[in-house]
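Each of the next two complexes has subunit A plus one other chain: subunit B in the first, subunit C in the second.
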Partner chain A sequence: MRRLPVYLVLDTSGSMVGEPIEAVKNGVQLMISSLRQNPQAIETAFISIITFDSMARQLVPLTELAAFQMTEIKASGTTALGDALKVLSRCIDTEVAKTTPEQKGDWKPMVFIMTDGIPTDNWEAGLAEYRQRKTALTVACAAGAKADTASLKKITDTVVQLDTTDAATISRFFTWVSASISATSTKIESSGKEVTGWEELPPPPAELNIVV
Partner chain B sequence: MITKTVFSIITNGRTYQYIDNGEPMRGGMKDVYFSPDRSYVVAFYRDVQDHNSRERLIKIATQYYDSFFKREGGEYYKDLYSWPIDVVEQNRKLGIVVPTYNRNFFFQKGYAANDLIRGKEKEGKWFASPKFRNKQFPLRLDDTELGNWLSYFQICVNISRGVKRLHAAGLAHSDLSYKNVLVDPVTKTAAIIDIDGLVVPGLFPPDVIGTADFIAPEVLATKHLDIKDPNRKLPSRLTDLHALAVMIYMYLLYRHPLKGGKIHDLDTEKDDLLAMGEKALFIEHPTDTSNRPKQNQLNPKELPWTDVTKIPYTVTGPYLKALFEKAFIEGLHQPMQRPIANEWEEALLKTTDLIQPCSNPGCQQKWYVFDNSTRPRCPFCGTPHQGTLPVLDLYYQFKEGVWRPEDHRLMVYNNQYLFGWHVNRNLIRNEKLTPEQKVPVGYFTFHQGNWVLVNQKLDSLKDVTEDKEIPPGEMVALTDGKKLLLSRGEGGRIVVVTIANK
Partner chain C sequence: MLTVRKARKEMEPKQYLKLFLATRKPTGEDKQALLEEFCSQEQYLDAASRILALQDMLMKDFEKKNRIEDIRRQQVLIPNGTVGKPYEARLLPEQYGWQDMIAFRLEGVEITGLVYDPASGQLSGIPEQAGDHKLSLKYQLEGDGATGTWQERLLTLIINPDPRSLWKNRPSDKEDPYWKEDEITIAEKLGNKYLAVSSKRGRSHANTGGFRDDDFAFRYFSENGWSIVAVSDGAGSARFAREGARLACSAVVEFLGQQLMAGAFAEMDTLLTNAGAALDAEAQKKISHIVYHQLGGAAQHAFRQLEQLATTSGALLNDFHATLIFTLVKQYSQGYALLSFGVGDCPIALLYNDLQSVSLMNKMDVGEFGGGTRFITLPEIFQSDSFAGRFGFKWVPDFNYLFLMTDGVYDPKFEVEANLEKPERWQAFLADLKGNNAENTAVALKPGNADLPAQLSAWMDFWSPGNHDDRTLAILF
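Our next item is the complex of A and B:
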């Protein structure tokens, strides 16, 4: 059975302390519980969480929905977006199975990156590495007014912006992420095709502004 | 929360109401709203529908509705379909009005471990995937939701009948899939929904090519061609028959008949297209084994079902085995060879006559098909059959004094019933049976060390071997080689008894 790998790359820098980080944790929980109501998603979607502050690490390795368990996140430090892209690239290399003459590979991964600040490391080096990986879709989310949409635009064409980082707004973002994963896993089941562009996902909630 | 009123475009002045809370249930093409009393839903197409589609919907809700439901036997089909009863329009958006599904199609319990899906629709995927019945899987369904193996025979009979009736009317469903067929193993029923995509060959072009697991190979293999290209294959009655065969295979064996280990291309998407289209190959093909699931790649949570060496398709018995071969070997790329819905219905019903209860109380499936061996055992849990096993072969009178086998046998177990359709070949077991015809005419029981048939309603039952009439209220012992005439009437059958597992 081919898997649909989903990577959530989340900013846990110091500016996320308080309501924003709590909202992110809550959002991930909501997303998991909503996806667990969809048999197609349970069958195909595998989730991984990568967090980044002064450096990045894979917090939860690619895990099937049924077995997924969220671990504690704390916010502190700077915004090493470049390191996050490097870690993400390495995870894709090791976790996403390629089709070989012997074995069916996975679908191309979906990547959701969320950050509320300006990258503090050499993020272009990370981006250069990430560019060499094949993904079905990369969505970058600029959370709050201080997020740097310009650098995110260089990572992907699909950038959404949250006006604020309060609990309600962040939770709406995760609702949309979960609907997108649901739609993609159903689409793979129902047409054997991967989602390849922004247009095919469900419309984002009103509070998300698409940066074009 | 606003209650809105919409007007029928069919009947002047007829109105429907729905509750708009701003967050409709979103289907593939429609936004769905409940009526205030939740007895029906109003489903609006998100896209503007063209003239053709408008005409098709009106026809489905009027002419075809009447021909399906407003005639003798129409009641039976009301439970089998969720059929649009009217077409409405609002702000240039077309909508259909559909009665709410029966309550049994919503989970009473859902998952064993929590209430996350309680009250959700029982779409087919929950029951076609082996994980959800694996004891080690955290999100497995509760035992009370799963039914037993026999439940799925009845479900498949219902689906076959639903498809049979559509095809008899010249219609094709065009998108039979998990989402469009609700199944309930608890009440052993199924309902075909999303009837609005029906296609009438030559009249209305199909608007979808179907759902991946169920799309016929010829449709996938030609989907790159223009819709007007004569070589392009579109959904039709014949592609429904592929989907039906896949569905029956999946509900009885919980795996997909074409998803095996063969790699066709290193590009994932191309590989999938070939594996389900042009190069589609039955995973259990008897001679070409190249698409067998690879043993080292089986997911432990999907065992034993994905291991075709442990549970081959032949466990479904001789009648279904023959049809699966017709569907996935001869008919896979030759659509005209595919079994029709009526053949599936008949084979499923005949197979239920071969079915035996498993004596292991812990057996998940509870029932299995007699494998024609002298030492039968349950293929699911391995428990051998205990005690003797009478097998009744049915014969019909070909001409005076000459009796021929029907290719139909009845396996006896304690408290098994004999019905009118066993007694007389002119009575056919289908949806047209009257309530009286569904009452047993006799039953089998193990009595003082012997198997006996107790006659309840047969007025001309005769023990041919002993040359003795058996009037109602009396019983006759089933011994090896015994011949019983079940009825002297036209079409009356003789059964010949074989005692297996001696």
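Our next item is the complex of A and C:
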């Protein structure tokens, strides 16, 4: 079966302490519960969580929705976005099956990156690595006014900004991520094609400002 | 922590008094006798004992509260279950480092449909209720036994819904101008062979009340002995693909019927009637020419019909995107001639030589990544150099089966194109049809089997995660 890999790359730096980090955790949990109700998503979507602060690590390896469990996340440290992109690249290399004459590989992954700050490491080096990976769609979310949309714009064209990092706003973002994964799992099933742009995703809610 | 408490416990009241006074009111060397006397008086020693006891109580209670909080915060992951799937997990306090629990019980398991055995820690059964269930672990720490208090730690047990129960079966809109039946299954004689064909709306379309985008058509022309079977898969992204698929199939059947009547295959008949088991180069060349012109003409006719439909209906040609495969078959005294054309990712496979040989009669358009297929609605396919490669011709003494299918069947059953060329995969596919499958649904491919349509229809419902596209399978045998 061709899996739909979904990578959530989440900022857990010190500035996320308190309400934002709790909101992220709840957001992921709600997203998973909601996706489990979609027959296409529960069969095809595989989720991985990568978190980054002073460094990045894969918190949850690519896991089928039915078995997925959200683990504890704590906020501390700086914003090593570059390291996150490196870890993400390596995870894609090892986890996403390529198509060969003998086997149909996985669908190209969907990547959602969320950060509330400015990268504190050499993020361009991470980006250079990430650019060599094939993904269907990368969405970057600048959470709050302090997030650096300029660097995110270099990672992907698809950037949204949240005005604040309160629980309600973060929750709206994850609701939209959930709807986007749902829509993609339905689309690949019916058309055999991946989602490649904005216009194929559900329209983002008012809280998500599209950064042009 | 534990060592500190021990030290305090062991502290003598007198020692405590001395330390207390030394910190609060340091006493000079000259008053050591007074201090000694004070610290020996019964009433002060008694007071010191009570202070020590109270301190001990405070520490004990605080440590316990701390412990309860640590237990509450500790991450505990219980494996998820799925409704209807046997579940088994082990759940004991000591697994999580909670050896200090002197008693425990697990509450709230009942609603999940599971049973918990505290002795073995076995949580098992068949989950009945989906959801994020909150289980309550009630436990006692030291001291709780005497007071009869129970502490609580909530645990989450996730039970997934049975994926099959999530699929809805919504009817398609019968008022739609391009409406078609959600399923057609037919088994009947076709010339001197027998055809079983089924086309079914996939679960992904049924879930949303969508239409079946696949289609097929077939006919036997008694006047000249030729039969034709056509199968098409409408592109999921094209809004009128269902009509594109229907029209593409019917157009080639209609066109070739007319061409046959007009004698366009007369030269081929002559060539094949006089041919031996193997065809000479000259005959091959002539036949290829006829195949190219007649079947290519049929494909072009289908394209033009679709183009015209787009114009008259005011839609775009892209709205009718559909793949197309078709095969013409005729029996001669020495054997069978099979002629084929294909555009898109649906295979035509001929099984012959006692199931030992398979011939894939079309070159499939499969992209490097999903969705790289071609459609009969694309004008460029007719101009491309690869157009000549879309035809197939086979001259065999006899054959076992001719299969035409859409990707709704080929994807789950063969996975990749390369497997379509392996006879063992086709033998396995036949075994699957005969009942070697998870559902134990068997199709008896015998001419005149009155239950064949029902059997094939049941088989077509096979379960394959992630594969819920429309399915069409035509078997000529």
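Here are a few things to note about the model shown:
We adopt the following convention: the second predicted complex is superposed on the first by the 212 of 212 C-alpha atoms of A that agree within 3 Å, B and C clash if a C-alpha of one lies under 4 Å from a C-alpha of the other, contacts with A are read in each partner's own complex, and residues count from 1 in each chain.
Note that in this section contacts are C-beta pairs under 8 Å (C-beta built on N, C-alpha and C of every residue); 3 or more make two chains touch, one makes a residue touch a chain.
Only a predicted model underlies this, so the values are computations on that prediction, with no experimental measurement involved.
By the touch criterion defined above, A:E95 reaches neither subunit B nor subunit C. In the superposition on chain A, contact of A:M1 is made with both subunit B and subunit C.
By the touch criterion defined above, A:D148 lies against neither subunit B nor subunit C after alignment on the C-alpha atoms of chain A.
Contacts of A:Q69 after superposition on the shared chain: subunit C is touched, whereas subunit B is not.
Looking at the shared chain after the overlay, A:W107 reaches both subunit B and subunit C.
Contact with neither subunit B nor subunit C is seen for A:E129 once the two complexes are overlaid on the shared chain. Touch criterion met: A:S33 reaches subunit B and subunit C at once. Shared-chain residue A:T44: touches subunit C; no touch with subunit B.
Taken together, the two structures place residues 1-2, 33, 36-37, 39-40, 42-43, 65-67, 99, 101-104, 107-108, 188-194 of subunit A in contact with subunit B in one case and with subunit C in the other.
Contacts from subunit B toward subunit A in the complex involve residues 26, 28, 116-117, 120, 123, 125-126, 129, 131-132, 137-139, 177-179, 211-213, 220, 259, 261, 263, 265-269, 271-273, 276, 294, 297, 299, 302.
Across the complex, subunit C is touched by residues 1-3, 33, 36-40, 42-44, 65-69, 71-72, 99, 101-104, 107-108, 186-194 of subunit A. Contact residues on subunit A toward subunit B in their complex (touch as defined above): 1-2, 33, 36-37, 39-40, 42-43, 65-67, 98-108, 188-194, 202. Contact residues on subunit C toward subunit A in their complex (touch as defined above): 75, 77, 79-80, 82, 130, 132, 158, 160-161, 163, 166-167, 202-205, 207, 210, 235-237, 368-371, 373, 407, 411, 415-418, 464-469.
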